[in-house]
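Letters A, B, C, D, E and F mark the chains as written, and numbering starts fresh at 1 in each.
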Amino acid sequence: MSKLAVFPGSFDPITIGHYSIINRALPLFDKIIIAIGYNREKAGFFPIEDRIALISKLFVDHAIIEVQSYTGLTVDFCKKVEARYLIRGLRTSADFEFERSVAQVNRKLLTDVETIFFLTEPQHSFISSSIVREIISHGGDPKEFLPPGLDISDLTSQKR
Amino acid sequence: MSKLAVFPGSFDPITIGHYSIINRALPLFDKIIIAIGYNREKAGFFPIEDRIALISKLFVDHAIIEVQSYTGLTVDFCKKVEARYLIRGLRTSADFEFERSVAQVNRKLLTDVETIFFLTEPQHSFISSSIVREIISHGGDPKEFLPPGLDISDLTSQKR
Amino acid sequence: MSKLAVFPGSFDPITIGHYSIINRALPLFDKIIIAIGYNREKAGFFPIEDRIALISKLFVDHAIIEVQSYTGLTVDFCKKVEARYLIRGLRTSADFEFERSVAQVNRKLLTDVETIFFLTEPQHSFISSSIVREIISHGGDPKEFLPPGLDISDLTSQKR
Amino acid sequence: MSKLAVFPGSFDPITIGHYSIINRALPLFDKIIIAIGYNREKAGFFPIEDRIALISKLFVDHAIIEVQSYTGLTVDFCKKVEARYLIRGLRTSADFEFERSVAQVNRKLLTDVETIFFLTEPQHSFISSSIVREIISHGGDPKEFLPPGLDISDLTSQKR
Amino acid sequence: MSKLAVFPGSFDPITIGHYSIINRALPLFDKIIIAIGYNREKAGFFPIEDRIALISKLFVDHAIIEVQSYTGLTVDFCKKVEARYLIRGLRTSADFEFERSVAQVNRKLLTDVETIFFLTEPQHSFISSSIVREIISHGGDPKEFLPPGLDISDLTSQKR
Amino acid sequence: MSKLAVFPGSFDPITIGHYSIINRALPLFDKIIIAIGYNREKAGFFPIEDRIALISKLFVDHAIIEVQSYTGLTVDFCKKVEARYLIRGLRTSADFEFERSVAQVNRKLLTDVETIFFLTEPQHSFISSSIVREIISHGGDPKEFLPPGLDISDLTSQKR
């Protein structure tokens, strides 16, 4: 049986923290689906198409990484793609308590799914998509918080 | 003097975690008022009438349990009904820090009121009304997170 | 059925924080046993007899308070005295996580016992028996951290 | 080089907790700018002019305190006024984790800025601007949570 | 390259929490070494030989599980066996903060090693080896906290 | 009035985390006393003389830094040297809760003393003296966790 993991998130946008976790998770799985959750009623900061394009481009050389978007419960997406593993990163105690609840709910809803946690690297522990959005909104440069080589002009259509 | 406790919350909807706490608090008090707080400007997920009906039905055999709704400060409701105790459940550290602040504010505003904390059972520690709402919104079945015997068709008018 | 609670601890010595919790718990129970746990192999700072004498004197006017010492598991003491409630105070998140584990273990070992938590008052949130012992060891005056009216000369035989 | 600190916040309104921190920070700096951040798109509870007037009046006798408003990134405000220090208060673990992230982002964006933390006094540890606003909204009296001498009639134009 | 993970711990004794984590980690790795750390100067509760025998017996039907003991730094053991993964379980925020530090130190000392975290199941979240030892010391029965089928007579030589 | 701060600790040994905090605190004070607390009955890992020598050498070019040892309560040392400020670093929530209690006790014992907190840098957040000692004990090289330029041969007499 192939080891398929889903890394769910809004990735609005992907940060250097997400990027590091994906790279470290790579050798452990046969395939990783980066699953961009969205909500039909609540637009994100970056359009969903741009988020997909950005991440696809970042991992273009990794055949085992696939990028998809989904709406609805994460466990329903896992069922659909037949994934048994969820990948999540942990930065702080607050993260941990939140992620623990989500993982336990997911496991209650879908016994077969196991969440695997990776630690955010210390130098990325304060980075989040929302901080990147706030820096962009105020005209700052978030380059250091983005995956290496990526810069703000790659994020083509900044909303708001 | 009779031991009257108020268990305040939005109960939108009541979960198996709330249910367990009420049952464990029962022997300690002469009367418990389950007080459903609402905000005139912010509609809940379930109509307030449905929430009252649901909880009333659950505890129909317990004469010492009463269900009321209230708006405004919780301590003002306590003053009105002359309750000296507030009941709250604790799941996580984040819960604890939040509940501690609320209890300390309440005690500052109304010296006479004491908050009594019960622990959520481990197997319910990840359950919350908001998770139940999210499962319902996405078409999932929250039965395991609701009081025993209750199912989603008892929640008659699902909004949104 | 009478409402009997056990407040277990080492009370080495009792602090103003313990004292406040006992006073606030009093109206809720028919009887409270302050149960001083000790370990035959590890002597405390104050002799167990002095700790019992001190607390007994403090609550001499409260007929419903009894002071006992015990060794072994707290749940075994509860079984022996037929107590259904344990009383514990909560100061910080670290306290909470520790107390939650202890309460959950106790409930697993003795289904019938329920731990009731009271909040330490904000101005006592940094006070502990170990801080009192450290102040005494270094020749300081811990009066502000002890129950009102109590002073260090009441603690007759300071060891170490 | 003069020691200039910025104490950023929304101060909507200033609480007794903020007031205590400012008074304790005073002897450490040559000048403190109380910097009221605002968001053009999201009105606060009290108008920005009232917040400025209120704080200015409170510290009218302290020549080294200045009150300003700002919009945008806090580090950009620090650059503009050439401040090397940020002042923040810490109440709880949740506060700490949030403030740690903000301080680390600020330091990444502006190497030269150092956040200095003061502890909220225990008896103020549950007080926040949002609790004051909630009490006012419900017709309660927040006097005990405000700087001494200040009362609600000083807050001239209560919105909402 | 084969996926080899080390699950380090003192396992004094192994609990149902450890047991659950090992079973959930099994499908993800090609081989798991359960590595029992010991300290020459500090005897454990159970002799190291008994701990090894007990765990070996538990997983006798899993060819990919091996049990070893080690002393010294965990990363040195990983280097010796050429493991790239460490497995650890997470129960509480306190656990998380401790494990995060250990994992970050390990990664600093041995760049190539990645710690993979699994969540303890909610119903095991309060179980630890030290609680099992305490129950045994006081003559209680820890059966519910041990791997299924295991009982206290399997722990042949209880010290102390 | 001169701004005198005490940075108390066991510094057994000083780490790169301590070193960074001292350097960042330097511009804020007129004088900083690095105060090495010791306990007559409990020997440290490194002799107190070596700890003093090591830190003195590190800051030989900073006339405003002085190194002293002390025993007894930290506030008594502050009184003796007439310091109004204590400096402490914060890494994690667990640190924060511990340091908050200590600072509040100190302030209760000596109204005039204020603890000023600096944040440990993210890349040092997992470093502690005890981890350095453990690495040394097991024959590892702790160089990356020590102040720059310092190496293990500078720590002349390793005990244990």
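Observations on the model:
In the analysis below, a residue touches a chain if its C-beta (ideal position, glycine included) is under 8 Å from a C-beta of that chain, and two chains touch if they have at least 3 such contacts.
Not measured: the values here are computed from a predicted model.
Touch-path distance (fewest steps) from chain C to chain E is 1.
Averaging C-alpha coordinates per chain and comparing to chain D, the farthest chain turns out to be E.
In summary, the interface at C-E recurs among the listed pairs C-F, B-E or A-E; the equivalent pair, sharing over half of its contacts by residue number, is C-F. Fitting chain C to chain F on Cα positions gives a rotation angle of 120°, stated in steps of 5. Inter-chain centre distance (chain A to chain F, centres taken as mean C-alpha positions): 40 Å.
Mean C-alpha positions place chain A and chain D at a centre distance of 34 Å. Averaged Cα coordinates give chain D a centre that lies 30 Å from the centre of chain F. One finds 48 Å separating the Cα centroids of chain D and chain E. Shared interface positions of chain F, defined as residues touching 2 or more other chains, are 92-94, 97, 100, 104, 122, 125-126. Working note: touching chain pairs come out as A-B, A-D, A-E, A-F, B-C, B-D, B-E, C-D, C-E, C-F, D-F, E-F.
Interface of chain D with chain A (complex): residues 72-73, 76, 93-94, 97-98, 100-102, 104-105, 108-109. Taken in their complex, chain F has these residues touching chain A: 92-93, 122-123, 125-126. On the chain B side of its complex with chain A, the touching residues are 92-94, 125-128, 131, 134-135, 138-140, 144-145. Interface residues of chain C facing chain B in the complex, by the touch rule stated above, are 1, 3, 24, 27-28, 84-85, 90, 93, 96-97, 100, 103-104, 114-119, 122.
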